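Across the two complexes that follow, subunit A remains constant while its partner is subunit B and subsequently subunit C.
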Partner chain A sequence: MRVFIDPPNSMILYDLVERFGHEPLSSMAAIQEMIDNLEVDMPPMNVTIDDVVRGLAYAGVEVPSGIRGRLAVWGPLIDAADAAVIMTDAPFSFGCVGCERSNEMIKYLVRRKGIPQISVGYPETAEQAETVVGMIKEFLEGLA
Partner chain B sequence: MSEERETRLFMISPDSKLTPDQLVRMVHAMGLEATVKETCYGCLVEGPRELVRTALENVRKDHRYEVFSKVRAYPSSDPRRCRAQHGTRPGYAQLEAEWELLPLIQHALLHAEAGRPYKEPEEAKQFPVDDFKKMCEANR
Partner chain C sequence: MTIKIAQLSCGTEYSSVQPEIEKAARSVGAKVVYPDVSYEDINEAVRRFGFNPRSPQLKLMIARATQLADKRYDADAVFISTCFRCAEAALVRNELRRFIQENTNLPVVTYSFTERLKASQLLTRMEALVTIVTRKELLARERQVGITAGLDSGSSTTKAVVMENNKIIGKDWTPSGDVVKSAETVLENALREAGIEFKQLEAIGTTGYGRFTLGKHYNAKLVQEELTVNSKGAVWLADRQKGEATILDIGGMDNKAITVRDGVPDNFTMGGICAGASGRFLEMTAKRLKVEIEELGALADKGDWRNAKMNSYCSIFGIQDLVTSLGEGKSFEDVAAAACHSVAEQIYEQQLQEIDVRHPVIQVGGTALITGLVRAVGEILGEQPIVPPNAQYIGAVGGALLSSGMM
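Presenting the complex of A and B:
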């Protein structure tokens, strides 16, 4: 099954989903698509105006363009997902979690889609890590 | 998704005794027609998707709990990304954060795959209104 991960560029979540036999949907694959098929320029212009317009399908026009730009990349991944693994309360540098409003929108879109999802906290200790990995393993093994 | 190219990042857990050099030699010794680039955290393997997946499977056979992996959007040494060529996307903050977390994940994977139980997380409780009121009125 195709599993959306949040943060969408997390190596740990990507690895765990793949390890337990599913296809992770990550921002890396979406951006590779842009790189291989379109020209991404040397200056940091990651999104085009078309992307921001595409983001309107996921967020209203009053939402800042940064969020719409992110959702233009992540929204189609959520559309394609059969399940989702979400890590909450991650520190700022873990994945692209710097924009809390985008994170809220992702959680909302996943909930609205009604797909099976699991939400785990960021582990700080060995015991918490056991819980996180154990829960993700059980969830992924339980997917048909 | 693109089928032709896959660039995969292999990251060694800080708890492992494996070095990036040993990992690169191991991938080279597989005799696959894929490009391997040694990095400070492990290596990058780039080539046709099937070959890169074969490399991943072989690495996982020997170092299942020590090497973690994900795909990378930009090709290896891409001037738009590469720090050596002063690329404009030199972000390793996230990789560094995840690298620090890998020993815990390594431990947890061993724990989970041994079939040991884990402690259920505590459910978030509602904050009592009286306590909240006390907090609001603390400095009155």
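Presenting the complex of A and C:
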């Protein structure tokens, strides 16, 4: 199954999803595709004005362009997802999209889609980490 | 020498505008750089700054600013930019601008962008940053020497001034049409008034939107953006070369608010979002009131803005307010006063919030001749601005003054 991860650029969540037999939908793949396949040179993200306009599918024109541009990258991943793994209260070093409003909107879009999902808090200790990994493993193994 | 402009921003890479920012910098011989920070730097910088935004990229901006303040990263100027309409970013942007100014001597400009931002919109701002860094000695010039001319090719009017040994000896203006023809007309008239022949001019300085075209046409010694040139012209005309001041220039198409110390600009903002806060709106108002723009100020002086509702941020809606007020039987005087108050209010709300206003305020540009507008600005600021003589010629005077330093 295609599993969206949040934060979308979390290497740890990516690895867990892949390890338990699913296809992670992440920033890395989305950005890589934009860098590889677009015949434009707009580093670092290659987000074009067309993408920002496409972001209108997820947020209105009164929403700042940086949010619409982010949603244009991650919105289609959520659209394509069959399930989602969400880590809440993670420090930005664990992964983030840089903008808190975008972070909130991404979580909301996942919930609105109504796909199977698990939301776990960021573990502060090794014991908590083991528990969290166990919960995610159980969730992923339970996906058809 | 490549000027390094440190970029402190949030959202540029997701708004498709990052290449435009870099293009604007490159076009004025500058390079955009990003102060390096570590994870630990970010947390420590946010703690020290005292404002803890929820968005990590804003935290990163704070950390980068701290690197500059601590001189742990070398840059010549600072460009602070965030998404238009983001409240959290707007708070951080403005406080970081203040932080940079309190802790460094770097010139700084702030800008809020949409995805429609193009390099050309940033060109004047980037050019001004570079000018402040590279032409400090020239900008410190207080006296004009020899015989020089300044040409200011603005969006509404074109102005020419001829100066000799620190005195204006000829001047003229005309509504802008063809850039070169308009300039030729006003320069010819200014030279005639001065009793000087073109070949006697030792240098020409050009500024304004048509500066590059005119610079090429006249082989000008100085071709420079209007932010720095206008501020020099303003302090010269107001005889405020020493100390601090804020230059307020409400133009035909955009507005400038510039803070200066000893005549050298160190922070500026250039807008606006809409023509509702520009001289163009007052022109439209004058036309609807069937008076010449030169008469609008005196008309407004006789009115009371409180009697006519006009608080639109858009020139079209503003004119609708105006028409509605006239339809309700409000007097032309009150409506004129309301239009002036509306422009002054928007300048205060949109632009003067992005700089720390220093005193005195020197109001310049053609709109400074509209007395009702100057009065409205004074009411809002709680301090009557200084309007120097020949206030509409600041750009041309600045061009003549600065070009005399390049002979």
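As a convention for this text, the second predicted complex is superposed on the first by the 136 of 144 C-alpha atoms of A that agree within 3 Å, B and C clash if a C-alpha of one lies under 4 Å from a C-alpha of the other, contacts with A are read in each partner's own complex, and residues count from 1 in each chain.
Basically, a residue touches a chain if its C-beta (ideal position, glycine included) is under 8 Å from a C-beta of that chain, and two chains touch if they have at least 3 such contacts.
All values reported here derive from a predicted model rather than from experimental measurement.
In the superposition on chain A, A:Arg101 makes contact with subunit C only, not with subunit B. Contacts of A:Glu62 after superposition: subunit C is touched, whereas subunit B is not reached. When the shared chain is aligned, subunit B comes close enough to touch A:Pro123, but subunit C does not. When the two complexes are overlaid on their common chain A, residue A:Met135 makes contact with subunit B while staying clear of subunit C. Judged by the touch definition given at the top, the superposed model places A:Arg111 against neither subunit B nor subunit C.
In the overlay built on the shared chain, the residue A:Thr48 is in contact with subunit C alone; subunit B does not reach it.
Where the contact sets of subunit A with subunit B and with subunit C meet, they give residues 41-44, 93, 96.
Across the complex, subunit A meets subunit B through its residues 7, 9-12, 14-16, 18-19, 26-37, 40-44, 91, 93-96, 120-121, 123, 125-135, 137.
Across the complex, subunit A is touched by residues 1-2, 4-5, 7, 9, 11, 60, 68-75, 79-80, 87-89, 93-98, 101-102, 104-105, 107-109, 111-112, 116-121 of subunit B. Residue ranges on subunit C touching subunit A, taken from their complex, read 10-19, 39, 53-57, 59-60, 82-86, 88-89, 113-116.
The touching residues of subunit A, when paired with subunit C in their complex, are 41-45, 47-49, 51-53, 62-70, 73, 92-93, 96, 98-101.
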